[in-house]
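Quick one: structure below, then a few questions.
As written, the chain order gives the labels A, B, C, D and E, with residue 1 at the start of each chain.
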């Protein structure tokens, strides 16, 4: 087991955002967390990477209890997160942002940069542009590319498809598959639940800080409760031609 | 709370001046002199015992104002001080309105004697004596043709410098003006201007730390002019801080020095002072001692109320350790002298009254 | 205007000299501001401690008169190291005691500013109580030899030392921040501390290093100051600190080259202005120019660098 | 194509940032009373269009017109007063103010009682204050969050925050509302509700200009869709027409089936 | 370092206070005002300031600091603008009083509005070119402005140079009430005068705070760009904040000069600006009660502890650091500001790096339980 979380509780002041959550991620898996807004998905990821301290519970990564470990040490152990809101360093160029991804390893080998640029050609074009002036979607690409630079054992992705054009979303999911095939375990948070579930091995459904359902991704995909709330009925766009 | 009005009880004298804070040294010098006078007095038998109470203004005008009100509230019979000219301006009107005599050992601003305060006296000459005296000394004794006169933009420093400027012009010397910021580090602008003007004498109206900075930077820039300054710079510290650059600096004061005097009365004071405080009397210590003794003499003559003490002091003719003391109607000394000292081999050397003072040639 | 012409060269030389000292101190403001967006008000005291450390080194070595040759170089280096150690340690302790606890609580920068002001008072008073409020004199260490003249300006050895040392230090720091991995960590922390953690940056360490490096720059400035002016005092940092912070803003806060440029510009403006309008107007001229520059370039001469980009 | 009834018009607008041309000679017309969507690949220049409209940037070339008056060159708060309101791509509420206060800040844009009036508590000021409060509550009701009126904004759930942002924008009584990716991070059920809200806003007479990557929502609500690619307009038509436009499919949708 | 979690006693009290019915609140106000008028009593003074004249201290520094803090709070606490040169307006008020009082011999009551107007004009002159600057640029520029005013006063003959102005007239006495006789020897009348001005200032500032103006300031503090887009003319409101703060500072200056009779540039040092900033933040920036308490403490403690003379500043510095560590949001923060300051979103942003290191975790966990105040990693500001 690569990651094991038991009875996690996290507070924001008096608000209890995570109320005793347990989950596991096995080596080589893609696991997805789905759930409505405010369910606590982001908080869970932040707690795993050490940006928030849990009030109770434990996090074990790769056989080591990391509950009290400082955030930067977890990165050294092989945890890397592309955060919600992208977290691009606005005053650094695209290239420097990518180099930051490999911070723990010093200067990244050219091959790593090439891989990021080949995954996202737009980034190659803009390698000297300041991160802060990229468009929303370009920043998202950069965030993912940067996370890959660390060669993590476990990659945490918080809504990687947010703000991306449909064409790119498709590409992103293909890329995730590829990364996973090359040996990286992925814990994914996604609103785009149907694509995410199709991609993953297992999934957890969160509601108000608790796991309310879990199982093989495939099973959840066909679970009626999940379908209604998170997958939406098959798209039936009304076509409106009238210009009122 | 002490209620020392009129008769009975021990009369209380108030000391007002900076005892803490960055301007404390002069205040402490005065206090030490005055305290010595009072202790000597109280040690005698058969006299009215007198207490001396400290009112620390930190040299700050607004604190002086509330301290003066406290003096009034406490009904002290007379005040030694206030020490500085700035604080005098807020404190004196209050003391005067409350009819409490106040005798300053060190405030030299000219305007203080011009407000018609009946309860004001001071035992040293004002800037109008020192400034012209300095100017005459520079022009006549030193024979300077061109003088660079610098002020530190403080009330005291500018007042003194302006008086020097005015008299120098009368004496026919060429005068150039400059200013420095006493809190600043870098006086290069001023030093460059001095260097360009190449004067015979540089005069500073200001205090010893600025003086030390200025001489250091002047000498480093190879300015050779003689350095002259007033009582604000008259302290051993100008030599300590200025190092070799301070040697040859001439420092005037309307106060005389007790150190190295041949007058037995002064020698006795010096000895007693050293015995009590463990250091030589410093600037204004002798004046503080004299003010204390004048007020004590009033009390010993049966003057117990503030009003009576004031009347007594106004008409006193007293031979002090610093100088003979006799007041005119505005509270100024009726006759006053200016003295000169010089930094020689890192020590202050008293040269005597300006009329006779002969600077020691440098070297 | 006549004075400006006649004193142009002396003003230039002295402006560059004091400007270099401003610049070195400004580096500390700029670094800390860049990373924490905190005006480290106590940085002036970091500098002050450095001057005392340099002074005590001279006392310790028993220097009483000017040295030359290798002895001089050796003493200067020791003095500089002592200054760097004194200032660097002070800065680090300051961070630990006065800022880190606030940082851990995620307190506002206003609270941190007050803490900084408090720390500044505290440090000043400690030194005032321990060493008195009077100026303390440095023994003369370096002969103030005039190397050559430019116009009427004397180029003196001690001034050259100040300018050269400042340039070298600023360049080294620039290389460090923009070229090294640690420097990249500093910049990342400045721009987005949370994400920096996700990249494996040890923020506490980076912050400490920032204070340390900024302190060391102030320490070098302190040594140069001591050698140049040969005086110090418990409140020596106060005015210099304000000037240095002005220089940092003038050059573009968070910008290392900007700090040095700002320092030199400020030094020159002050001296030119002072020679024309009189030394008493120096500060007024300096601040007026600052306002004018900011009106034209709202983020300083070279713009902001380390700081978070603004939405 | 460009009807004379266009409320907002971009006339051959070009926007350059250094070497990057974010928009080149774009013409757009947003018809009054419609829901107008702008779509396009990442970095196509959509947000830039909003920033131009709201006065954050000034166009390198070309001009913007609103209700027949030129607005390019105006400062943001002036644009707001003309009748344009926006929401942000990432939510930017006044976090520590209550929901109602957030909306009242928006409503204040329509008030003109002076600072002196406020200090003296003049009648005009008191009336406006009451009016702002009432209108604030109405708007919270419109977007469906009256129950959290007194809660601080940062404590609201994401969906409610989105709604609050819209209410705050509506409080400035805009004729045109700009929405930048309002559905980002919402699940299908929430998107559905958002669609309903957007139409409700249109029905009370506010023209809506929408940037969105979620084609489901775009197709569901918009009356007209324009497509940007590399800073150039490649389509401007009805949703159904745009959806089947081969250029749009190639540049943006990838495959028609992806329109979820 | 162990974090000290102060039990939050203020929160519940302020909550209860805000729930109090209006009449009950007015009763409390009246009691407070009556108490304030009774304050200069000697019996209180013998404890409060055994070594100075209590009513004199009540006027300056206490009363004047409070008035200044109320004014500065508009700028710092309400609009979120860091002004480090506030003393400039105090000085302008003081010099207006001195100059007009001496040369035109007008009466205090006529000069008062002039002083206020002069300060307001100065506020606008300073603000107009600089308020577009962000955050700390403003801080250094205002600091510079304070110094410019002081240095200029020190260098001009018009203002008396370093000698300053002396012989400034006191306000005219009103009738023969002993409480309204203004002269150098009286102290209480000046205290009553400053008290009345403080009450007026509070009423004014409170009104603004609860109006659209206060809302606009809060919005600017939280997110200036968003406020601008919502139609808040941010520049204009910031300028108003500056001008209102300046007016109050100017009024304080007029009063100060009329009482102390003699002013010099040294009465207006940078240190005074920083004391007032300290007062505002220490008390609880944004909350009037807190600000008043802060100013009171900053003014009074050094007087009370005169005996410790040499150690006062040392203790003051140390106490500031300690206070900010223990209670960074100030002694009596307003509820909103408490949240903002705790999160660091209040106008000036957080200190950054809100992420705890390994050694602090255990402490943080218990802190979360004991403290109502949010501790937390602040969401990073993403820049679109």
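Here, contacts are C-beta pairs under 8 Å (C-beta built on N, C-alpha and C of every residue); 3 or more make two chains touch, one makes a residue touch a chain.
Since this is a predicted model, take the numbers as computed values, not measurements.
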{"item": "Where chain B and chain C overlap in contact partners, by chain label", "value": "E"}
{"item": "Graph separation of chain A and chain D (steps between touching chains)", "value": "1"}
{"item": "Chain whose average C-alpha position is farthest from chain A's own", "value": "B"}
{"item": "Contact-richer chain pair [D-E vs A-C]", "value": "D-E"}
{"item": "Chain whose Cα centroid lies nearest the overall Cα centroid", "value": "E"}
{"item": "Gap in Å, rounded to a whole number, between the CA centres of chain B and chain A", "value": "77"}
{"item": "Mean-CA-position distance for chain E and chain C (Å)", "value": "31"}
{"item": "Length of the line joining the C-alpha centres of chain C and chain D, rounded to whole Å", "value": "48"}
{"item": "Of all residues in chain B, the ones touching two or more other chains", "value": "153, 179"}
{"item": "Multi-partner residues of chain A (each touching 2 or more other chains)", "value": "50-51, 70-71, 73, 83, 85, 87-88, 90, 132, 136"}
{"item": "Contacts with 2+ other chains: residues of chain D", "value": "47, 89-90, 92"}
{"item": "Touching residues on chain C, where the partner in the complex is chain A", "value": "181, 184-185, 187-188, 190-192, 194-204, 304-309"}
{"item": "For the chain A and chain C complex, residues of the former touching the latter", "value": "49-51, 70-73, 75-76, 80-81, 83, 87-92, 96, 99-101, 103-104, 106-107, 130, 132, 146, 150"}
{"item": "Residues of chain A defined as touching chain D within the complex", "value": "15, 36-38, 85, 122, 129, 133-138, 140-141, 159, 162-170, 191, 193-194, 228-233, 235, 237-244"}
{"item": "Touching residues (chain side chain D, partner chain E) in the complex", "value": "47, 54, 75-77, 79-81, 85-86, 88-90, 92-97, 101, 104-106, 108-111, 113, 115, 118-121, 125, 128-129, 132, 152, 168-169, 172"}
{"item": "Complex interface listing, chain B residues touching chain E", "value": "1, 19-20, 56, 61-63, 65-67, 69-70, 72-73, 86, 89-90, 93-94, 97-98, 109, 111, 115, 153-155, 157-159, 179"}
